[in-house]
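In what comes next, chain A is part of two complexes: it sits with chain B in the first one and with chain C in the second one.
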Partner chain A sequence: MKKVSNILSMALVAGTLASTTQVAVASPEQDREVFVQYFEKRFPNVAEGDWINGVYSILPEARAQWEAMEEFPPYELDIEEGEELYNAPFATTGDIREGEGLFNKKFANGKSFSDCFPEPGVRAEYPYWDKERSEVVTLEQAINECRVSNGEKAWKWNKGPIAKVSAFMSYESRGQIINVEVPEDDPKALEAFELGKEFYFSKRGQLNFSCADCHMSGSGLKARAETLSPSLGHTSHWPVYRSKWQELGTLHRRYGGCNANIRAAKLKPQGEEYSALEYYLSYMSNGLEYNGPGSRK
Partner chain B sequence: MIKQILIGMSLLTAASTAMAGDIEEGKQIAYDRKKGNCLTCHMMDDGQQTGNFGPPLIAMKARYPEFEKLRAQIFDPTVRNPNTSMPPFGRHGILTEEEIDKVTKYVHSL
Partner chain C sequence: MSTMVLGHVSKGNDMKIKNKGLMIALVASVSLVGCVETQVTQPGANVAPETVVKHENDAASVIAKAKTVNAEAKKLSFEWTVTAPAIKKAEKALESGDHAGAMKHAQQALLFAEGSVEQAKREKAMWKQREINMLGK
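Entry: the complex of A and B
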């Protein structure tokens, strides 16, 4: 009997070691397969690719109303404004030319976003790992970098013009396939991916929730009257016009709101953690379509 | 002797009145969105608009014959299950010791 239990405990230790090792060496692609399988098993009735519709992919009773809203989307004017902002020469966008540091750039250079991006429909190129800079670059980050490199002041990250330009660019990119890469020749890229994964599964805040508590193991369940959305497809449809906000907001604004809900510190939008989270979650949704901007309750 | 019985009875009455008061206060703390906010996840009692993230809170004396075990579960449920989604109301100071006593009395009465 003792021998059996020894064998058993050895097997357990070996099993633990093996699984630990496996977790440590699991490739992003293996992670993604497990992630997708989890949700497919949990919600077997979701049609292929429908995860991009968020909670409505698992909530048929609320879907008709949402689809009606999307027929005359609340973000329509934002897209138009975003297009105007996208095409406007930087001189005319107005909120700049203040502060001593910019004095020498007082005069407009006449360039616009089209000088930074080959075309507005480049959603699927972001987020990406920039090897030279050794960081994740998001679409919003690229938008503001374009402004700054042309002598304009960076926009605030969460809402307003940046969300509108992002909405226009996302709209022009609808139907593109999410295809985030974690380049194997740069271990730092995997580190960023792992940082995002760790963030997703770590409990935080006074209420002690991880992202996964609500949007993986809790997905489909209700907090009060709200059904918790599955994380698969979470990054496909941003920026979002949220009825609660009465305006458009970016993905990182939502991350901040989630963190506030669980009484955790809101982290900096476009900071290392949120960008890593976007990188990880976008990778988990590889193969799905971009369908932003979106509307939500 | 009769006097002693009378004193004893009034003490008992006082105790059960205090208990009823605690249970009622516990309910208020449990329902308060800024305190226990239990209804977000649990169906319980006459609570409206309840979630189903956690199990319904019924037959609590059968599930937790020992008061202290229920209290410990509310104080820090991660002790029994590190992966639980339930907040550690005591360990993270979401509720005070006294508030947890009252909430436990209330939940135990369900």
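Entry: the complex of A and C
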């Protein structure tokens, strides 16, 4: 019923039933093909697969400087710390650098992340649609769920240890191919995909911008002194060390920052909307490589 | 982000027009607030006590309405960051007895809140068309 209502609304807006019918039957894969074609047409000089380098794929003049920075990346120590956190028994996590003396924590069970993940390099398995739970599961969500299931407190979502462990796992996963699936046998998965797409194309905030306004039709243009990056490949290189933050941050932290820039209230990290957006945009980047963690201005 | 950049980015879609509408609404609201302020700060400031009470109640009423509408915007995940601070300013002004200031900020907050709810409703109907327009489907 809701779908019928949506289609009727679209018909009113578009003025043609034919075009809306066409959209109604578009599959995620058809959506992805059109999405990729858009950016390939807009930026014909970008080499195949280079979208994972974000704005540097379209800014050759800034790329040399960025590549020089990547030779001694600012997130290097974070990866090392993330590895320590990943391998340490839960009794010790979070205190290695902070010196909180949690080595003697009473309720620790001595297990570590390796009891939840077969190996750290599992980036390409996330995000995925969990049919039983009927929700999108992201890497950061899986990291915190591992902690909680072992009696530990969940880390805060946006930065700090969760970003470091995620950075280590992403680093171990470099070169893996993004291959997000929207299972056809579960309509709820398609709903989550559509929710992410709706978020991407919906204008929000007092400035009345959608993600697509900046990172699709505005990609390559300037917002103040910065060039707006294309959405294709956007999810490949997280977490990111941003010079502005002077630390690592997660993808959902960036979503919140983008929303704040357009004067829209930040939504909950790892909430339904941002996870759906990650699901949609990751699907749009299927076939590209994971190359996180990354560094950006 | 400046209006100029906003217009630049919006090339090829309806943003520019929408933002013109928003600007007109904002100007209209400022004018409206200005009218309210003028009423309250009329020369001969010997305002009758019952008038003061009336304005106090008016401002409180507008603040309450702004809060209600903003809660709706939040529920729809379309809250604007400027609304809550405007409500706070209105409340602070009311507490300090600045009823004209309270009304000014309350009106502004209500305008923001109503704009965000309107945006949520509009986008529910418009986002699909935007996808079609941008991607040339």
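As a working rule, the second predicted complex is superposed on the first by the 269 of 297 C-alpha atoms of A that agree within 3 Å, B and C clash if a C-alpha of one lies under 4 Å from a C-alpha of the other, contacts with A are read in each partner's own complex, and residues count from 1 in each chain.
The working rule: a residue touches a chain if its C-beta (ideal position, glycine included) is under 8 Å from a C-beta of that chain, and two chains touch if they have at least 3 such contacts.
Since we're looking at a predicted model, the values are computed, not measured.
S.K.: Which chain makes contact with more of the residues of chain A, chain B or else chain C?
M.R.: C
S.K.: Tell me the contact category for A:A47 with respect to chain B and chain C: first, second, both or neither.
M.R.: The answer is neither, since A:A47 touches no partner chain.
S.K.: Figure out whether A:A68 sits in contact with chain B (first) or chain C (second), or with both, or with neither.
M.R.: Neither: A:A68 stays clear of chain B and chain C.
S.K.: With both complexes superposed on chain A, which partner does A:A264 reach: first (chain B), second (chain C), both or neither?
M.R.: So A:A264 only meets chain C here.
S.K.: Could you look at A:C214 and tell me whether it touches chain B, chain C, both or neither (first, second, both, neither)?
M.R.: In the superposition, A:C214 contacts both chain B and chain C.
S.K.: Given the touch rule stated above, what does A:A225 touch, chain B (first), chain C (second), both, or neither?
M.R.: After superposition on chain A, A:A225 lies in contact with chain B alone.
S.K.: Under the contact rule defined above, give the chain A residues that sit at the interface with chain B and also at the interface with chain C.
M.R.: The answer is residues 206-209, 213-214, 217-218, 221-224, 228 of chain A.
S.K.: Tell me, which parts of chain C touch chain A in their complex?
M.R.: 1-2, 5-6, 8-13, 15, 18-19, 22, 74, 77-82, 112, 115-116, 119, 123-132, 134-137
S.K.: Any idea which chain A residues touch chain B in the complex?
M.R.: That would be residues 206-209, 213-214, 217-218, 221-226, 228 of chain A.
S.K.: Under the stated contact criterion, what part of chain A meets chain C in this complex?
M.R.: So the residues of chain A in touch with chain C come to 6, 9-10, 12-14, 19-20, 22-23, 26, 34-35, 38, 197-198, 201-210, 212-214, 216-218, 221-224, 228, 260-265, 267, 273.
S.K.: Which stretch or stretches of chain B touch chain A in the complex?
M.R.: My answer: residues 39-41, 49-53, 78, 83, 85, 87-88, 92-94.
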